[in-house]
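Lettered A, B and C in written order, each chain numbered from 1.
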Amino acid sequence: MKATAINNNYPHVSHRDASLGYRRREHALMLLLMSPAVLVVFVLLLIPLGWLIGQSFYADGFSLEHYQRIFTEGIYWNTFWVTFRISFIVTLLALLMGYPIAYAASILPRRWSMLVLALVILPFWTSVLVRAYAWLILLQRSGVVNESLLGVGLIDAPLALVHNELGTIIATVHILLPFMVLPLYATMQKIPSDLIQAGASLGGTPLHVFMRVFFPLSLSGVLAGMTLVFVLCLGFYITPELVGGGRTVMASMLVSRNIQLYSDWGAASAVSVVLLICVLAIFYVVSRLVPLEKILGAK
Amino acid sequence: MNKLSLSRISFIGYVALVLIFLILPLLIVVPMSFSDSRFLSFPPSSFSFRWYETFFNNPGWMSAAKTSLIVAFSTALIATPIGVAAAYAINNSSHWLMRYLKIVLLLPLIVPIIIVATGVFFIYALSGMLYTIPGLIMADVMLALPYVITAVTAGLHGFDQTQEMVARSLGMNRFRAFMSVTLPQIMPSVMTGAIFAFIQALDETMVALFISGGQNQPLTVRMFTALRDEIDPTIAAISTLLTAASFALVLLLVLARRQPTA
Amino acid sequence: MMKDTNCLKYLFGSSVMVIGALGAGQTLADGEITFVSQGGAYQEAQTVAILDPVAEALGITIIQESAPDAWPMIRTQGTTGQAVWDVVDTPPLNCVRGGNQGLIEELDFSQIPNAESMPEEYKTPYSVAYEFYSSVLAYNPEAFDGNPPQSWKDFWNVEEYPGNRSLRNHPLGTLEAALMADGVAREDLYPLDVDRAFAKLEEIKPHITTWWTSGGQSAQLLYDGEVDMLMMWNGRVSAIINEGADADFTYNDGVLQNTHLCIIEGAPNQDTAVEFINAAIAPEYQANLPLHIDYGPGNPAAFDTGKIPDERARELPSFPENAERQVLMSYEWWASSAGEQAERRWLEFMQR
């Protein structure tokens, strides 16, 4: 097809040369079309990243002191520990809550599954601020949750559900749940239902079929979802800032503080680089098992 | 199939609970916005449009809303053509460089947003683009590109490239062939990408926190400051409006896609 | 196919029109400044008392912003050289150290005649006093059955005064409270024994329900009954009392503080900013402030205007009887390197 078109337009050129020239022009055109997008990302992301990395090694000349500080000074170490711990808990909770939802969506008839998915995606379209605000209202001492628990008699005094790490975890799980459900659903959808039926017809109990057939097949979705949620949670700033009561200090807040309060670019960049390396490492490891597009396709 | 076993009931119950967990916060904000009291309380004691009035009468909020709209529209207008061009190039090129460029274009999604924000802040501080609207727009364009490209690439995958080839072999130049053959058929995905870009820019908070200020603050930044400092119920009104706007857009998208193409 | 292309053109066209219409709405203001304070009831009171009258008198537009702690933005705007704020109403601590770091403009007092009559302690090379307020022990009287906490020692006494507590998520004033709770006399507070203060804070930390960051938040906490006692700014307590909340406070063991007006280095509207400062500290406008909120005027000449009734004057933080039960915050100490270090230590303390 291509050759015919070329020969029609450029009959005077030999077949081989035309092909080469065409390919070269084609490549040039394609690269040109890519260039505005690449330029934007290059200038606004790659260059600053490079500078940040450089800055992390700089303190009157090459120095590792910023990194040393991260591993020796309590506050940095603690912050990373808190960040990873919260991310881990959030990921687990998201998995526990998201898996049944995705499962339900994948086995329900179309109308119902669309409804479930719509309910999952709807919060997605609201700003994270709105959701953090809503959780503040819900979880405060005189908030809906406490009032109803008190009313039912389950507790005697209001629980401290917000302005602390617990509130941060609850709000974060809520915000990141769609990122767990969507990759899971995408994977589950592809599991052929005849496999399940085959398992059942071979005499397996539903639980057995689930554990031995369905779950292993859904693992790539599980991995994709967990990766996405974990990585997103690592970089969270707004939710812990609003709902954490000032006590839940995560890595992103450390970066922001160092820049805005102390203009300590060295410290900020070192924290950023460590965070980035963790994220890249996670993505690299997971991408060996699950293709990258699958994970990010959900976004 | 319709066994009402305990496990089945508890499964359905569990799913229902999680779905409630997902939707509840959104539902809460709406009645809050109609409450009359100055301090947060739910259920609201009396009904009033007070907070909506406050929002529309306050020059600070209105200026922020204007900024948000300008930025969101501009982001969609700029990111869509750039993204479509990039998606087209990715789809049609076999160049070895493409693989790496694809990853570069996905970077805004991979890199933690705090680092993105820090980086953009640094570049803008150097170049004097801090607290400007064009600066905000370009940052949002960068963040929107992966969405546009992903949406358009999906659309291109479902499109039969040979149609464009045929048009070209019939004498059209490439650009015209694209505009009159390919583009109309991938229009749904292009619109999806454009709307994603719009909503993304409307809701973006983190980067804007770092690089916007003064009179060029978008709604989200103002809301963040207000939430952190004031817990002003006006925010409930704004949240309701923002959410309604996003829903309306998505609904528009769904309806548009349902329309039979001419 | 045709329909979709037309659709696209229509969308494009209308978006351009929308943007054009929105953009065209910009009018070039004739004389304007961006004024930053701490928001909430305080800023609303200022608007009525000082900002609106000044705007009218000078014929300028005042764009308002708020930030509970202006220091990060002052730093950012000053160091990057891209200022969007003009005048900042903030504790003199920020004005002085900002000035020392080249982030705040030096004031040309020849252009600020209203400041001449003000005492020297109320001025710094970079700023001039604007208003007085106190950080006080506020509480919900309903929670205490006639025996409310009246000092920081009481606040730290969790057995005799049980209840939910809150403190500000900032060392300014909080360290002083901790030291007073530990028995340090008001006269002996400065220079602050930082180690002792943090040790005392560790004691109360498990009992703190929330660490508030903004005036509005502190008011919300007391109004909602989220906490039974806390350290907060006196004007905010009075504001919620007026809204019908169960709240009260004592000037006992309070920390008397003030805020100053200063101009960010490289501010976009410097001349108008200086004009504004001069007008804002004029006695007749300053006298308006106590009429709308429980804060004292920065310019003592305001008391001579006769606008402030005697009973009102008694309620103000800077009124002599009230002032002697409080400690006057030392901004020199906070601006010194010991103060800087104490601030840095705060985040570590919060995290543990």
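The rule is simple: contacts are C-beta pairs under 8 Å (C-beta built on N, C-alpha and C of every residue); 3 or more make two chains touch, one makes a residue touch a chain.
Because the structure is a prediction, the values reported are computed rather than measured.
Peer 1: With chain centres set to the mean of the C-alpha atoms, which chain is at the far end from chain A?
Peer 2: C
Peer 1: Which chain pair shares more contacting C-beta pairs: A-C, or B-C?
Peer 2: Per the contact counts, B-C leads.
Peer 1: Would you kindly tell me how far, in whole Å, the mean C-alpha position of chain B lies from that of chain A?
Peer 2: The answer is 16 Å.
Peer 1: Just curious, how far off is chain C from chain A if you go by their C-alpha centres, in Å?
Peer 2: That pair's centroid distance is 38 Å.
Peer 1: Could you grab the centroid distance between chain B and chain C? Build each centroid from C-alpha atoms only and quote it in angstrom.
Peer 2: Each chain's C-alpha centroid was found; their separation is 36 Å.
Peer 1: Could you list the positions in chain B whose residues touch two or more of the other chains?
Peer 2: Those would be 40-41, 228, 231.
Peer 1: Two-or-more-chain contact residues of chain C, please, as numbers and ranges.
Peer 2: 73, 213, 224
Peer 1: Among the residues of chain A, which are close enough to touch at least two other chains?
Peer 2: 140, 142, 259
Peer 1: Could you list, by residue number, the parts of chain B that touch chain A in their complex?
Peer 2: Contact set of chain B toward chain A: 11-12, 14-15, 18-19, 21-26, 28-29, 32, 40-42, 82-83, 85-86, 88-90, 92-93, 95, 97-98, 101, 103-116, 118-123, 138-139, 141-142, 145-147, 149-150, 162, 165, 168-169, 174, 199, 202-203, 205-206, 209-210, 220, 223-224, 227-228, 231, 235-236, 239, 242-243, 246-247, 250.
Peer 1: Looking at the complex, which residues from chain B come into contact with chain C?
Peer 2: Going through chain B, the ones touching chain C are 38-41, 59-60, 66, 69-70, 73-74, 76-77, 125, 128, 130-131, 179-180, 183-185, 187, 213-216, 225, 228-232, 261-262.
Peer 1: Which part of chain A faces chain B closely enough to touch in the complex?
Peer 2: Its residues touching chain B are 1-2, 4-5, 8, 26-27, 29-31, 33-34, 36-38, 40-49, 51-52, 97-98, 100-101, 104, 116, 119-120, 122-123, 125-138, 140, 142-144, 174, 177, 231, 234-235, 237-238, 241-242, 251-252, 255-256, 259, 265, 268-269, 272, 275-276, 279-280, 283, 292, 296-297, 299.
Peer 1: Per the contact definition, I'd like the list of chain A residues that touch chain C in the complex.
Peer 2: On the chain A side, the touching residues are 74-75, 78-79, 82, 140-142, 160, 163, 245-247, 249, 257, 259-263.
Peer 1: Where on chain C is chain A touching in the complex?
Peer 2: Per the stated touch rule, the residues are 71-73, 75-76, 79, 164, 169, 209-213, 224-226, 344, 347-348, 350-352.
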